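Input: a single structure, listed below in structure tokens.
Each chain gets a letter, A, B, C and D, in the order it is written, and its residues are counted from 1.
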Amino acid sequence: MASFTFRRQLTIEWGHCDPAGIVFNSRFFEFFDASTWLLFESALGVKAQDLASVHNIVGIALVDARANFLKPAKFGDLVELASRISEFRRSSFDVEHRLSVNGALAVEGSESRVWAVRDKTDPDKIATAAIPADVIAKFG
Amino acid sequence: MASFTFRRQLTIEWGHCDPAGIVFNSRFFEFFDASTWLLFESALGVKAQDLASVHNIVGIALVDARANFLKPAKFGDLVELASRISEFRRSSFDVEHRLSVNGALAVEGSESRVWAVRDKTDPDKIATAAIPADVIAKFG
Amino acid sequence: MASFTFRRQLTIEWGHCDPAGIVFNSRFFEFFDASTWLLFESALGVKAQDLASVHNIVGIALVDARANFLKPAKFGDLVELASRISEFRRSSFDVEHRLSVNGALAVEGSESRVWAVRDKTDPDKIATAAIPADVIAKFG
Amino acid sequence: MASFTFRRQLTIEWGHCDPAGIVFNSRFFEFFDASTWLLFESALGVKAQDLASVHNIVGIALVDARANFLKPAKFGDLVELASRISEFRRSSFDVEHRLSVNGALAVEGSESRVWAVRDKTDPDKIATAAIPADVIAKFG
């Protein structure tokens, strides 16, 4: 289990919220995606936009996303989002996201992603590849 | 298991897609949310915006959302989204969403929601209530 | 002034709306963008995703967007959006969008776009090109 | 002309960008809206979510929004957004937004907003009211 954790704070915007005055569910998945990129940037020391070219991959493709909504987040709330890799497998990994409002866990999210490369026989297709050991090592 | 299924077709827009040219993950959760409202409107014969007042509830609050991405959807793709209640419990229920591109399942989604009412002792809080039998019956 | 008009109806979704219960402003610009693609698809008889390759362009790049909000649109409202080219110039054009709620004009939008091609001397850059006469003719 | 300027930096996210790899136009209007709230919070010393109750208004309702796209912003770009009130009128005002990438102006935006209150004769309607002199004064 990787211990490297990326934390950021963000303030909930008017445009994030729905008529109930709370963050609309899809926004949390935007927050998670952005934090996963920042987690990699932070752990690997490579800018998010250079991740694919530096590692000769297509990207870190999302195959599963999930969120459990425990408490609402409202307009103006300062939230903290803590993200880390909870498991590395051969060519895939899970990211765990914990979003807190005023110190209380509000949303638990998880993503499963694959280390995606171009298929050698059909460059229009995507295949998965083993995640390099040195990449995994940088997440501690 | 409820058999009433709401189906709709939508065309993937330029603005739904990311730099990889495929639908960005959070958009699918927007599609699911909209289909759940339409599923209720269609099954109950009550306009989505009147659902809360007609049933004296705050809403059908989302507590869990999940998506499994099997195949990408691209700009211009005509997709079909089929949604139904997969399980009713006392005060909560699950919605199953199946999004297909060219007849092939591309994204499987699920939502868990609660029948939400105002808390009697604290109107600022939300409580859950039993889903009326006649509501459940309308989903067949 | 082109007379060809593309009309579509859409229903305002919960997720389009803000804590005031009305459509959040950025959503109208999504609606306009999607309608512009559909306007071209409809006038030219070419699928939106094929527009660039068929016409050997990079796209119809947006250089200016504007909206004037006259009346709000709310969750569940069925709105009509009518879009047409209000002016063609040599390599640019204006799209006029009129969004109505219950027959009353609610939002007036406009976009200015250019017929964008790859720069011949620097393929990483975008240049503009003259819009073909047969393209303009199809907008009547 | 008000001189008080609110500046913030933000990094362009993957999910902000379209298949051309650049920020999709509607996102800029989200950025502008968020900056306007922060501009008021910063100038008035009142949290954005308390602005309405402190000033006994419904809000600062948007009546016109516009953006002029000069240069694209791409995934990973660190952008600076500078926002200020360019003009106060009796019950309305204009906000000017200037978004720069690497020090070069990329998008010029403007919003017109009104100081919105409940209509005294019909509380379901919105009316405009004179902006208090002490509010205007705080924008210097």
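Please note the rule applied: a residue touches a chain if its C-beta (ideal position, glycine included) is under 8 Å from a C-beta of that chain, and two chains touch if they have at least 3 such contacts.
Note that this is a predicted model, so its numbers are computed, not measured.
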Exercise. How would the subunit B/subunit D interface be labelled, same or different, where same requires over half of its residue numbers to be shared?
Worked result: same
Exercise. On Cα atoms, by how many degrees is subunit C rotated relative to subunit D, nearest 5?
Worked result: 180
Seminar exercise, completed: Cα centroid separation, subunit C vs subunit D, in Å, comes to 24
For this session: Would you mind pulling out the distance in Å between where the CA atoms of subunit A average out and where those of subunit C do?
Result: 33
For this session: Measure off the straight-line distance from the CA centroid of subunit B to the CA centroid of subunit C, and report it in whole Å.
Result: 29
Exercise. Which residues does subunit A have that touch at least 2 chains other than itself?
Worked result: 14-15, 20, 24, 26, 30, 33, 75
Problem set entry | Touch list for subunit D against partner subunit C, complex | 20, 24-27, 29-30, 33, 58-59, 62-69
Seminar exercise, completed: The residues of subunit A that touch subunit D in their complex are 13-15, 30, 33-34, 37, 47-50, 74-76
Seminar exercise, completed: subunit D contacts subunit B in the complex at 14-15, 17-21, 24, 26, 75
